[in-house]
Amino acid sequence: MLLAVLELVGIAAFAASGAVAAVHARLDVFGVIVLALTTALGGGVLRDVLLGVHPPAALVNWRYLAVAATTGLVVFRFHPTVTKLRRAVLLLDAVGLGLFVTAGTATALRLGAPPYAACLVGMTTGIGGGALRDVLLREIPLVLRREIYAVAALCGAVVVAFGDHLRLPAAPVALVGSAAIVGLRLLALWRRWNAPVARRGPGLDG
Amino acid sequence: MLLAVLELVGIAAFAASGAVAAVHARLDVFGVIVLALTTALGGGVLRDVLLGVHPPAALVNWRYLAVAATTGLVVFRFHPTVTKLRRAVLLLDAVGLGLFVTAGTATALRLGAPPYAACLVGMTTGIGGGALRDVLLREIPLVLRREIYAVAALCGAVVVAFGDHLRLPAAPVALVGSAAIVGLRLLALWRRWNAPVARRGPGLDG
Amino acid sequence: MLLAVLELVGIAAFAASGAVAAVHARLDVFGVIVLALTTALGGGVLRDVLLGVHPPAALVNWRYLAVAATTGLVVFRFHPTVTKLRRAVLLLDAVGLGLFVTAGTATALRLGAPPYAACLVGMTTGIGGGALRDVLLREIPLVLRREIYAVAALCGAVVVAFGDHLRLPAAPVALVGSAAIVGLRLLALWRRWNAPVARRGPGLDG
């Protein structure tokens, strides 16, 4: 029950990040809603396409659709306020990332994927929606550029896969994995951590 | 029979829109053909990947391949003429959108998807090819920016899903849904309708 | 055995091309690794999604993951040297293309796809990873613009499909198909062949 509520919170946070980006790109109201849906449901759809779940669960659950579309509309109408709430959106986004990565990894393991494949599928679940958002808006995906987003996702996925390997109970392991992701993301945002960039040298512009 | 012919007309119209965009981006002849194929078949491939139809029907039907590739070649050779025929291409594109959305929605319903999922799949069928075209050519997808393209698709999909819910016969319902899409698109083009854009405010550039 | 080694060589070459592009786009170390993985494994994942192989073989084989990730790290650390080795990377990339296209086409035929669909799936296997790399880095995919990359892939795929139609033994046919692709690519690079671009005319910028 708590999990279902948290999941909808994550959906709303992802939808808000897509809608804010769409408003800034000057899309019309329907473009904003389409981008909110794509960002919120894209990772889950990619997961189910990779694992062969047809039709994707993210399209079948009407609660997801309703929450994502409503969030898109609210952002469209009240975007100056939402932009001011940037910190709250980043926090909710971290929660969404944590839940999506651990749930994606656990689903892949349950459907028989080996541990490393399950980690990749879990990371795709958490990261895919944001990557689609950035590709559609013609940006290099943020996840490739910033604040150890992918690393946090990897850590959480590894926690879940390792817990499964040790046959630990699934629910607490998912909780620990999610907490690790949220903690790493908030630390990275707070300390402005970024991963190293390659040394400049012959062949690079600068 | 009429339906099969109309479907090939839609394929050709989508292929032409991809090929014209590719010629304008200065792609070579093979790039133009690849983009014609991607635009014409992309939506159907996405539909079948979402619904678990393997291999996708759009890749298995050689008529689709032949029509799309031939259209690409013709546009490459005669593009100044095709550019002058812009209105005809937009009309055919509306017909293609109508047929693809209603056929995609009907296929999803037949394979057991719930109504809202079927509408999303149907919209993806009609819109996906054009979105792939724009992403490959580094444009923000037109469907997110203009002339209530997505809304027209949604209306047609809802007509089909609602007709199915009422157990009305499929063929006339698909016809009504397609006609609604074509009508809305032509009205939007004629009246230069666009959906509203968010108010400017703090956080937006302009 | 030789085939398995060559396949890993192809994976490494594709991973290197992704990592070099990522370093030039100033991505951080994790972005470079993600792009190396995407470029190396993307084509195989697309193939399996189209053919309904779940989870995709490219995610299940840990050797692929290890080789692609290690290549990404090595490029990140030693990129000035790798940039100097550009010719070697292009040669290895041609080998990778040859192996991926013929293996993808053969897999599709074995799973019952008709010949033309198998050729399209094979081309997607060889070209998909590079196209994903370019889309993520906000470039128009190189395959659409240069040096008859797509044509070489098509020729190799047709060789495999035709050999299958004649019931020739699979291994030598795959070898001939791969050799055709590698030969065409190297000829195109050496002679700077490019396919023709459309005549300029009304509606084009220049």
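Letters are used for the chains, namely A, B and C, taken in the order the chains are written, and counting of residues starts over at 1 for each.
Basically, contacts are C-beta pairs under 8 Å (C-beta built on N, C-alpha and C of every residue); 3 or more make two chains touch, one makes a residue touch a chain.
Fair warning: this is a prediction, and the values are worked out from it, not measured in the lab.
A.B. asks: Please identify each chain that touches chain B as well as chain C.
C.D. replies: Both chain B and chain C are touched by A, going by the contact rule given at the top.
A.B. asks: Do chain A and chain C, two copies of one chain sequence, contact each other through the same residue numbers, with over half in common, or through different ones?
C.D. replies: Different residues, largely: of all residue numbers at this interface, under half are found in both copies.
A.B. asks: Could you work out how far the Cα centre of chain A sits from that of chain C, in whole Å?
C.D. replies: 28
A.B. asks: At least two partner chains per residue is the criterion; list those residues in chain A.
C.D. replies: Answer for chain A, listing residues that touch two or more other chains: 49, 52, 135, 138.
A.B. asks: Applying the document's contact rule, which stretches of chain B touch chain A when the two form their complex?
C.D. replies: 49-52, 108, 111, 113-114, 116-117, 120-121, 131, 135, 138-141, 143-146, 148, 150-151, 194-198, 201-205
A.B. asks: Which residues of chain C touch chain A once you look at their complex with the stated criterion?
C.D. replies: Against chain A, the touching part of chain C is residues 22-32, 34-35, 37, 45, 49, 52, 54-56, 59-60, 62, 65, 76-77, 79-80, 83-84, 135-138.
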